[in-house]
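Heads up, there are several structures right after this.
Two complexes follow with chain A in common, the first pairing it with chain B and the second with chain C.
Moving on, here comes the complex of A and B:
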C-alpha cells in the first residue's frame, strides 16, 4: 500500500517536475544555452503570485498576473542580458558565469526584500483530500496533473501547429539558415525565453502553495529538471516530460529504503550511472 | 590589530582557494561550481581528525590534502566523459550532495550546528591561538602556494592546460594526453583546497555547513572573476577585495537579517558587471 501511494505520488510529482523540465528544454534546445538564471525566474514566479494574493487579488487572477510578469522577466533577460553578452562575443564560459551572477542577484534580491524566512499562502483549497480509488489524493495533486498535461499539450501544439513553433524549430536546427530565410533568430529567442519563463511560473506557484516560499530553493528544482532533460537525450519535449515522471517515481520509491534527506544523492547516482552507460540519453537515436 | 590580522589570515586562506578555482575554471576551462564543497571536505577532514582523534595538525593536514585530491579528481572525472553543459549539472549536483552530507551526517560533521572547539595547531611548541602567530603559518602556506602556481603557469604543463581550454581536440590531435592533463589540474586544485580548508578550521576553531554551500561556491567564482582569471595577481586581488568588502559593509548601518543577502547580491552584481564589461577582471587575461 505504501509502495502504491509512493508510486502515485511519484507520478504526480513527476508532472510538476516535468513542467519545469519542458520549460527549460524549450529554452535549451532552441538557444543551446544553459540558462542557470531560469532557477531565479522560477523562484520569482511564486513571489509574484504571493505578492498579488497579499494585495487582495483573487487566486486565479493572481496566477495569471504572475505568469504575465514572469513572461516579461524572461523576455527582458534575453533582450537586455544575453543579447548584449552575445553582441560582445562572450565565450560560453563567460555567459555561464554571468547567468550564475544573475541567479545570485535574483535570489538574494528576493531574500533582501521578502526576508529569508519561509512565507506561506494563508488559505489554499489544495490541502483538501479527495479519496481516489482508496488513495488520499489532495486537490493540489489533481491540479498538478492538470497543469503538467496542460503545459505539455500547450507546448506540443505551439511547436507543431503554429507559425511561431515552426520558426522556433527552424532556429533551433540552424540559426544561420533561419536568418537567411527571413526568420529573425533574435526575436525568436526572446519569444522562447518569454514562453519558457511563463510556463515555469505555474509549478513554482503550486510548489509554493504546498510547501511555502523559499528564496534559495529554485536551483535544486532546476537541476532535477535538467537531469531529466539530459537523460531524455536533449531537445525532445515529450522525452523530457516522460523522463521527469520516471525520475520522480524512482525518487519516491527510493524513499522506501533511503531517508528523504538523501534523495538528492539517489538522483545524482542515477544521473552518474546514466552518464556512464547512456551518455546520449535514453531516447537519443543510437549511433 | 587582531582585527586586521584576522582579515589578513582569512584573505590568505581565500587566496589559496581562488588559486585552486583559477586552476580549474580560468586556466583549464572546467567550469566548476563545487569548489566550496571540496574546501568543506578539507576543513571537515582536518578538523574532525584533530578534534576527535587527537591527531597532530601536520598529519591531519596531509590527510585532508589527500582526501581533497582524491575527491576533486573523482569530481572532475565526469568532465572527461561528458563535456560542457553536462558537467555544469554534475558540478551543481556535487555541491548539493556535499551540502547534504555536511548537514545530515551528524555523527561526523555535527550537522547544521557545526563542529565547535577545533584545537589550534602547535608548531614547534608554539601555540598559534594568537593571530600574530597564526599569520606566519598562513603566510608560509600562501608563499608556497603562490610559488607553485607561478611555476605551473610557466611550465609546459601550464601551457598544456591552457591549450586544453582553447581546443581539446587540437591538443589530442598533436598527441598530448588531455585526460591526464585534466586529472593533474584537478589534483593540484584539490591540494590547494585541502590546505585552505585545514587552515580555515584551525583558525576559526569552528566550522558549519553554511561556509561551504552554493553561495560560497559562487563567492569563489566571483573572486576569480573580479580579480581576473589566469593570473596569480588576479587571484590575490580578488579575494583581498571581496573579503574586505563585508568589513566595509559593516560600517553601513543595516540589520543583520538583510546584510547576508545584500552581500551575496553585491557578489552577483559584480559577476554580471565584470562579465558584461570586463571579462578579464581587474588583472587577468581573456576568459
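Moving on, here comes the complex of A and C:
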C-alpha cells in the first residue's frame, strides 16, 4: 500500500514538474537561452491568480486572466530584455547572468508588493479528498494530472499540427535558414516565450492553491525541471515530460529504502548516474 | 562688602575648574539623554514571520512602557529592529550592521539556526545575545555571551516524552523533524527520552526548512503504524495537519512549543494536537495593555519575549546603576551576577547560560489551547 501511495504521489508530482519542464524545454530548445527568469514568471503566475481571486474574480476566470498576464510578461521579457541583449551580441553566459538578475528583480518585486509572508487561497473544491482505489487523493492532485497531460497534449498538437508549430521547429532547427525562408525568428521567439510563460502559470497556481504562495520558491522548481530537461536530451517535449515523471516517481519510491531527508539527494544521484551512462540524455536522437 | 581678588594664576585655575565642571555636566547630561540601543534580529517577514511579529509586538510594547516610566536611569531605550526572515546568513549581516554601525551591545533574537550563526560573532565582538525563543541544544554552549531565556529542547522534549508514555500510554512513536539545527537535536532528544522510558521509535523522517508538501513522509510514518507522531518543524503546521487529515491518520499528534503560533492554533486542521508550553501567563494589566495596543490577547511568544527583554533591561539597569559603561561585557557580568529575574509567571533563573522554567501540556481544540497538565 505504501509503495502504491508513493508511486501515485510520484506520478502526480511528476505531472506538475513535467508541465514546468516542457514549458522550459520549449523555450530552451527554440532559443538556446537558459531562461532562468522563467522561475520568476512561474512565481508571478500564482500571484497574478491570487490577486484576481482576492479582487473577487471567480477562480477559473482568475486562472485564465493569470495565464494571459503571464503570456504578456513572457513576450515582454523576450522583446524588451533578451532581444536588445542579442542585438548587442551578448554571449550565452552574459544572457544567463542577465536572466538571473531579472529573476532577482521579479522575486524582490513580488516580495516588495506582496510581502515575503506565505499567502494562501481560501477554501476551494481542490482541497476536498477523493478516495481513489483506497488512496486519499485531493481534487487539486487530480487536477495536476489533468493539467500536466493537457499541457503536454497542447504542445504536441501545437508543434505538429499548426503553422506556428512548424515555424517554431524551423527556427529551433536553424534560425538563419528560417529567416531566409521568410520565417521571422524574432517574432517566433516572442511567441515561444509567451506560450512557455502561459503554460508555467498553471502549475504555479495549483501549487500555490495547495501549499501557499512564497516569493522565492520558483528557482527550486526550475532546477528540478531543468534536470529533467537535460536528462531527457535538451530538445524533446515528450522526453522532458516523461523524465519528469520518472524522476519524481523514483524520488518518491526511494523513500521505501532511505529516509525522507535524503530524497533531494536521490534526484541528483539519479541525474549523475544517467549522465554517466547516457550523457546526451534519454531521449536524444542517436548520432 | 569685601571683594575677593584672584591672582593671575588663580584666575586660570578657576577658569579651568569652572570649564571642566561645565564640561562634565554637559557630558553627563548628554549621557543621560543618550538612548540605550537594543538590537532585535527576528523574522518580520517570511514563513516564520507569524512568530517573529508576536515577538516584535511584545518588545515594542515593553520598550514603550519602560520609556514612559523614564527609561533606564533617565536614558531612553531604543529598539533597532532588523528582519532576518529566520535565515542564518541574513542574521549575521543584521547582527554586524547593528553592532558595527549602530554600536549596539545587546541583541535580542530567536530561532536556532540564526542564533547559532550569530553566536561566534557575538563572542568575538563581546556583544550579548538574549535568545528569547530558540531551543536547539547546541545553544547551551554556543557562546559565553549568549543567554537563552527559555529552556532548551532537551528538557522540554523529555517532559513531552514522559507525558506521551506515562499519561497517554504511547508505546511506539514516529518523528517528523525539520532537517536543520533546530530539528535534528529535537529528533535526537525525543528519541533518547522516549526510548529511555521504554518506548520505541518506529519511523523518523526529515523535511527541509519551509517544506509544505509532507505527503510522502506522512505516508511512510502511517505505514509504520505508530501510536503517536511527534512533529518538530518551525512553520507550516496547518499544511502538515491538513495533509495528515487528508490521509485520515488517526494516531496521536504531538508537538513542542513551535506550534504555539496563532496561524497554527486557530487553524481547524490542527485540532487534537498535544504540545508543550511554558508556564507563562500575562498578568491581567499587561494583557489589557497589549490588547489595547494590538487588538488581541498576548500570544505565547509575545509573553516569552517580554520575559526575555525583562532580563536584558534588568541587566542593563544594573550596569548603569553601577556607573559602568553599557558594554556587552558589563551586561554579561551583570546578568550572571543577578542570576534570578522576575518573570511574568515566576522567576527566571540562570544557573548557566540557559534559563529554567516550568512546562505544561496543552491540547488544541476549537482554535484554542486548553491546559491538560502542568508537568514541572
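Quick note on the criterion: the second predicted complex is superposed on the first by the 279 of 287 C-alpha atoms of A that agree within 3 Å, B and C clash if a C-alpha of one lies under 4 Å from a C-alpha of the other, contacts with A are read in each partner's own complex, and residues count from 1 in each chain.
By our rule, a residue touches a chain if its C-beta (ideal position, glycine included) is under 8 Å from a C-beta of that chain, and two chains touch if they have at least 3 such contacts.
Model, not experiment: these values are computed from the prediction.
Asker: Determine, for the superposed arrangement built on chain A, whether chain B and chain C clash or fit.
Answerer: After superposition on chain A, chain B vs chain C: clash.
Asker: Please work out whether A:273 is in contact with chain B alone, chain C alone, both, or neither, and reply first, second, both or neither.
Answerer: neither
Asker: If you stack the two complexes on chain A, which partner ends up touching A:111: first (chain B), second (chain C), both, or neither?
Answerer: both
Asker: So in the superposed three-chain picture, is A:90 touching just chain B, just chain C, both, or none of them (first/second/both/neither)?
Answerer: A:90 sits against chain B, while chain C stays out of touch.
Asker: What is the contact status of A:98 with respect to chain B (first) and chain C (second): first, second, both, or neither?
Answerer: Touch status of A:98: first partner only.
Asker: Contact-wise, after the overlay, does A:72 reach chain B, chain C, both or neither (first, second, both, neither)?
Answerer: Once the two structures are laid over each other on A, A:72 reaches no partner at all.
Asker: Hey, is it chain B or chain C that touches more of chain A?
Answerer: The partner that reaches more residues of chain A in the superposed model: B.
Asker: Once the structures are superposed on A, label A:214 by its partner contacts, choosing first (chain B), second (chain C), both or neither.
Answerer: In the superposition, A:214 contacts chain C only.
Asker: Name the contact category of A:261: first (chain B only), second (chain C only), both, or neither.
Answerer: After superposition on chain A, A:261 lies in contact with both partners, chain B and chain C.
Asker: Just checking: does A:2 make contact with chain B only, chain C only, both, or neither of them? Give me first, second, both or neither.
Answerer: Only chain C; A:2 stays clear of chain B.
Asker: Which partner chains sit in contact with A:132 here, chain B, chain C, both or neither? Use first/second/both/neither.
Answerer: Neither: A:132 stays clear of chain B and chain C.
Asker: After superposing the two complexes, find the one stretch in chain B that runs into chain C, choosing from 9-17, 171-179, 207-215 or 279-287.
Answerer: That would be 207-215, the only stretch with clashing C-alpha atoms.
Asker: Residues of chain A that sit at the chain B interface in one complex and at the chain C interface in the other, please.
Answerer: After superposing on chain A, chain A residues 111, 115-116, 261, 264 contact both chain B and chain C.
Asker: Would you mind writing out the residues of chain B in touch with chain A in their complex?
Answerer: Residue positions touching the partner: 25, 29, 31, 33, 78, 81-82, 84-86, 88-90, 92-94, 96-97, 100, 103-104, 214-215, 218, 221-222, 225, 257-258, 260-262, 264-265, 267-272, 275-276, 279, 287.
Asker: Which residues of chain C touch chain A in the complex?
Answerer: 45-47, 49, 85, 179, 204-208, 210, 212-213, 215-217, 219-220, 222-223, 235-236, 239, 242, 246-248
Asker: Hey, which residues of chain A end up touching chain C in the complex?
Answerer: On the chain A side, the touching residues are 1-2, 5-6, 9, 13, 111, 115-118, 127, 129, 136, 138, 210-212, 214, 252, 255, 259-261, 263-264.
Asker: Quick check: in the complex, which residue numbers of chain A touch chain B?
Answerer: Counting only chain A, the residues touching chain B are 28, 34, 36, 81, 84-85, 88, 90-98, 100-105, 107-109, 111-112, 115-116, 215-216, 219-220, 223, 226-227, 230, 261-262, 264-265, 267-268, 271-272, 275-276, 279.
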